[in-house]
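In this document, chain identifiers A, B, C and D correspond to the written order of the chains, with residue numbering beginning at 1 in each.
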Amino acid sequence: MAGNSFGEIFRITTFGESHGKGIGVVVDGCPPHIMLKQADFDHEMARRRPGSGEFDTPRKEEDDVEILSGVFEEVTTGAPIALFIKNRDASSKSYDYMKTLFRPGHGDYTYHMKYGHYDYRGAGRYSARETAARVAAGVIAGKILSQAGIKVTAYTVEIGGIGIESKDLSVITENPLCCPDMKRYKEMEKALSDAKAMGDSLGGIVEVLVKGCPAGLGDPVFDKLSADLAKAVMSIGAIKGVEIGAGFEAARLRGSQNNDPLTLSGFSSNNAGGILAGISNGDDIILRVAIKPIPSIALAQDTVDKNGNPEKIKASGRFDVTAIPRVIPVLEAMVKITLADHFLRSMITENYRKLQDAESQNGKK
Amino acid sequence: MAGNSFGEIFRITTFGESHGKGIGVVVDGCPPHIMLKQADFDHEMARRRPGSGEFDTPRKEEDDVEILSGVFEEVTTGAPIALFIKNRDASSKSYDYMKTLFRPGHGDYTYHMKYGHYDYRGAGRYSARETAARVAAGVIAGKILSQAGIKVTAYTVEIGGIGIESKDLSVITENPLCCPDMKRYKEMEKALSDAKAMGDSLGGIVEVLVKGCPAGLGDPVFDKLSADLAKAVMSIGAIKGVEIGAGFEAARLRGSQNNDPLTLSGFSSNNAGGILAGISNGDDIILRVAIKPIPSIALAQDTVDKNGNPEKIKASGRFDVTAIPRVIPVLEAMVKITLADHFLRSMITENYRKLQDAESQNGKK
Amino acid sequence: MAGNSFGEIFRITTFGESHGKGIGVVVDGCPPHIMLKQADFDHEMARRRPGSGEFDTPRKEEDDVEILSGVFEEVTTGAPIALFIKNRDASSKSYDYMKTLFRPGHGDYTYHMKYGHYDYRGAGRYSARETAARVAAGVIAGKILSQAGIKVTAYTVEIGGIGIESKDLSVITENPLCCPDMKRYKEMEKALSDAKAMGDSLGGIVEVLVKGCPAGLGDPVFDKLSADLAKAVMSIGAIKGVEIGAGFEAARLRGSQNNDPLTLSGFSSNNAGGILAGISNGDDIILRVAIKPIPSIALAQDTVDKNGNPEKIKASGRFDVTAIPRVIPVLEAMVKITLADHFLRSMITENYRKLQDAESQNGKK
Amino acid sequence: MAGNSFGEIFRITTFGESHGKGIGVVVDGCPPHIMLKQADFDHEMARRRPGSGEFDTPRKEEDDVEILSGVFEEVTTGAPIALFIKNRDASSKSYDYMKTLFRPGHGDYTYHMKYGHYDYRGAGRYSARETAARVAAGVIAGKILSQAGIKVTAYTVEIGGIGIESKDLSVITENPLCCPDMKRYKEMEKALSDAKAMGDSLGGIVEVLVKGCPAGLGDPVFDKLSADLAKAVMSIGAIKGVEIGAGFEAARLRGSQNNDPLTLSGFSSNNAGGILAGISNGDDIILRVAIKPIPSIALAQDTVDKNGNPEKIKASGRFDVTAIPRVIPVLEAMVKITLADHFLRSMITENYRKLQDAESQNGKK
């Protein structure tokens, strides 16, 4: 209820602040007998870690995930899995300048209004650092999906207004933006360098592709898979919009264009983005999100302080020119967590039907 | 958990099918002492009702909301409020043609895959008729918001690719699309007539404006107000995308352009759409949704039947050329329900702080 | 959150007041393909109905359960099942005398304190009439349990201090108290007649026996099966205590006496009452509840009115001499609902394990 | 849903195993501005710690509570509070003897049946060690209650069949059983020594007294305060029964004896135990629980091993002769957590009413 949990069956609760002892998550509802060890987290944590790419802040963290509970002899037990990631390089000194200033585009003002205080040390709870816990939980969700044959991939399709023209997913590991068009990537890279030189930042659009999702995930009428995915991704601070399938473009199509005809070999188009009436239809799930430019910039901006005096503010701490490389693993994690939850939810009806079938078989004999 | 409930404190559970006895909702968590009588529902129900506008199906329903519980002498008691709306004109005969066909763009296929059956009588549970219950619940939410001085208005900003050029909210009651630009409305009207003549349908974009929302609504980190609003609106069947504030456009702005500077008289722009770090900032909340064209069209479409044979399907029942006039009150209802829930959630901290203040006052004496 | 829902997967939400239009319940999470028709409810509703036994109020109700949704052609669809029971004989006139008086032992005072009002017409929401909705929901839960081979039976083991000496469950349908000892039943009957003659009322102890429950139901650590059963039964107004297995007697045993040894043919005793560490162990589940005497009595009692004046109150409306015959079906219903919920919860892990096994089989090939 | 969380507004999620890295809890929904530091936990943790009393196991733990998040400069921020307690003396060697044996009275068998494995190292998740996390969370709940003037005290009223004859709460800190009758305490002490000498164990009955609870806590109809308290305490492994007020004795009283008359100075008796129709009535809340004798005993008991062979088992690890001294702080913690949750829940209606009153005042002007 206080907002720090997500999911029903596969349920995560995150905790921790950017400049406190660390960041953590409790994953409740993970089935037993799944192999899990500390090293399983390394790859995803490295992807989200600041300082790993050329567009990132110089903050250096190792982000080792410590498994505090729920795993015995490298296998999950069914007990809640608590994960903890220590904050190593958490100098709060560099944030002193804003002890009384509200940074534009950040939660300083709203947290101050809600809680009567805000944590000036790099945003505290509403720092992007919180998402490290989501990535860690996403690794566990990913193990469940992998047993189900479901694969989630996110990649940049637009940065600072520069969109892709071709889509070759085999190249997304070759550039820090996970861009599937190397030619346009070069232009995106240039735009980012230019923005950086100006002390400014850029946003963009990322697409998420889910392959292998069976038909039948999602619960009517409020817990539609589309609705839960929308909530999942909109709970990431930098994201300001989400669309499924044709999305906003669907609003410009005629019904005869937008409908996906059914054929013997499946749907012949995928404007629905793999979800019909809130339930997965077995086709690829496709969604896109809008990521705003990072609000912390080196340019001077107007603001007020806590006492209501007008001030200028200029970010002097660590900051990136775009959040995208780090948002991508978080986005994948949130999509994985949502799918794992609905996948486990679907177990109920599925197993119950097996029981009914067995019984009606018995009845026939 | 089974997906038919929404909200935490102000919690609604809907039930009913399009061609069963009726549609209903239980509203749990409504505070006592709010005046409520049957006639309070009439205006909103009439707005959502099919057959009321020129773009709508000829289905004629009165949609009287019967209050089954929770109200005594026209005042809420704090007990759950159950509302029921009888289905009056529910001939399922006209749906016989699709008893074995999956309609493209509808939930027939996915419900069949999930539940092992689907209700061929006008979609059953995934019919738009279910949203009547949401509109009824929205009326109660609206009463709470009205005591808090919060007002929610939705209006069409684009239909079939035709966007508005001016925004005069005083004219939205003068046209069935709630379009704030009468000149462009004429063009939208023409586009709808053309689509209808072709046996086709159109979608569009609707904007929701929330005025008077205090700062501080929304709970970090997953139950951000933006995340809950996204889920709320994406749970409406026809909606394929949602954006807050500048939304997808924010992805094309630089940080220096997108940040809303704070001044002595408030924020000097509103790209954030009234929500920062997931918490309302006291400014107008603005969101836009993409509504897909209605899938039921008079044109022949490819599909398959339950046995996997290829077939052609042509809608011959009742259908609209656009869902927008009827989606608008549903959209407002879902936004109201989300805000009422977070408004009541904010009571906890607010009253607790009053308690703490009173105590610290006592301590000082 | 507002307290009118129970269960996680099999989730019921009740609504309605004793002297309003009726009482109802929405059951969300019932699997599809279960046969269900109106007549299925008749037997259980008749058991709970007042006026059916000799110790009951003369209030005459038929308690027909109307299925409002979730069932198509007498089979559940997976959609929420709404049930409604009209109030037929709901004269509130006889309650006028207590319009301003707080009845001792009833919720008048506490509802007044909590909500700033109370419904003087026969208790409104906190009337025993609300339990009719639970019994109706229990019928659906019972269908699920029956597919699982689980059977729930409740019977009186003590009334007004008179306890049973033998236990023959085959006779419980032969007396209105469901007493398994016909000899002691005669004494109980006499005690009830005496109490009635004095204008007084009696309470008693009821035992619930669950046969056929598989091992493995219940979730650690808070949602223990024992904890959820305790909440379920303590949510019935008249119940003031609950014990599992040896219960309070276990507090007087030595460990060597209380432990149930495991043998090749199962547990050789059942002090645990079928639940170990909160999880069912496959043995019979046994619990007992304490039911207080009905607070409405013909004898004059001291009370105060809303304005704080001392008054005498004497029940002149309809009232029973003991609640037990009517509590029994409610108690069975709440136990069934709790078990059905945990049974469906157990489907998740069970089906997931089948998936894992299938995969590891594939791996071996 | 997976059972490791409790509470709605003040919501705790525990994690950890007896012989893993440690035990922890995340408290979500704690209001901001409450003073909290590590030392605040010391007293309660010391009470629960094994090895502190004469009837306890020699296991020596310091149980320092580390605050991982949610507190800044010794004040709560409104963010989730994660607490962690390291396992220091966790030799699992002494449990090797039961690697394949199911201990009678423990969860070994049921966990094995549910999860397909069990943690033989001192019970793992179902160890009493898990309750350390509850005690830590209870300290935070206690801070909220203390601001509300609510005080919770538990004390032993019976051990091994020896009941108290007088009740002087001022002496409960003078003996390890928190017994309010020093004379009977001596007899209890003797009974415990005797049981220990025999290699056996004893159970008993503990009463919990809540003073200062305002009227109005509890939500009808399922989340009655009595029902939530019952679940809270029955979720403690050793507890097999709970009763409120007169409890099982109420089943033997007549209505005229059991009803608590209202007078100008309050209720003239308290058979209701402070709760009417599930809502606190402003009087003392009184409940009693039955605690079973500790199942681990030095006497040989019959059991089977995982392969179904009959075996004898004798506890050779660390074990207590009675759980009561350590259960008392856990019991107080669970009652505090339940009350804090309902106290915060009551803030919603309370603050909303203030808003309504302010508005109606404005209307009058």
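As a working rule, contacts are C-beta pairs under 8 Å (C-beta built on N, C-alpha and C of every residue); 3 or more make two chains touch, one makes a residue touch a chain.
These numbers come from a predicted model, not from an experiment.
**Student:** Which chain lies the greatest distance away from chain A when centres are computed from Cα atoms alone?
**Tutor:** Comparing chain centres, C lies farthest from chain A.
**Student:** Counting C-beta pairs in contact, does A-B beat B-C or the other way around?
**Tutor:** A-B
**Student:** How far is the middle of chain A from the middle of chain C, if each middle is the mean of its Cα atoms, in Å?
**Tutor:** A distance of 44 Å separates the two centres.
**Student:** So what's the Cα centroid distance for chain A and chain B, whole Å?
**Tutor:** 25
**Student:** Mind checking the centre-to-centre distance between chain B and chain C? Centres are C-alpha means, answer in whole Å.
**Tutor:** 38
**Student:** Which chain A residues sit where two or more other chains touch them?
**Tutor:** 1-5, 8-9, 14, 29, 32-33, 78-79, 114-116, 125, 220, 345, 349, 353
**Student:** In the complex formed with chain C, which residues of chain D make contact?
**Tutor:** Chain D reaches chain C through residues 1-6, 8-9, 14, 102, 104-107, 109-111, 113-116, 123, 125-126, 130, 158, 160-161, 195, 198, 200-205, 215-216, 218-224, 226-232, 234-235, 237, 240-264, 268, 271-273, 275-282, 290-297, 299, 301-304, 308, 310, 345-346, 349, 353.
**Student:** Per the contact definition, I'd like the list of chain C residues that touch chain A in the complex.
**Tutor:** Within the complex, chain C contacts chain A at residues 1, 9, 29, 31-33, 78-79, 147-148, 220, 344-345, 347-356, 359.
**Student:** Flag every residue of chain B that touches chain C in the complex, lowest number first.
**Tutor:** 1-5, 8-9, 11, 13-17, 20-24, 26, 28-29, 32-33, 66-70, 72, 77-82, 84, 114-117, 119, 124-125
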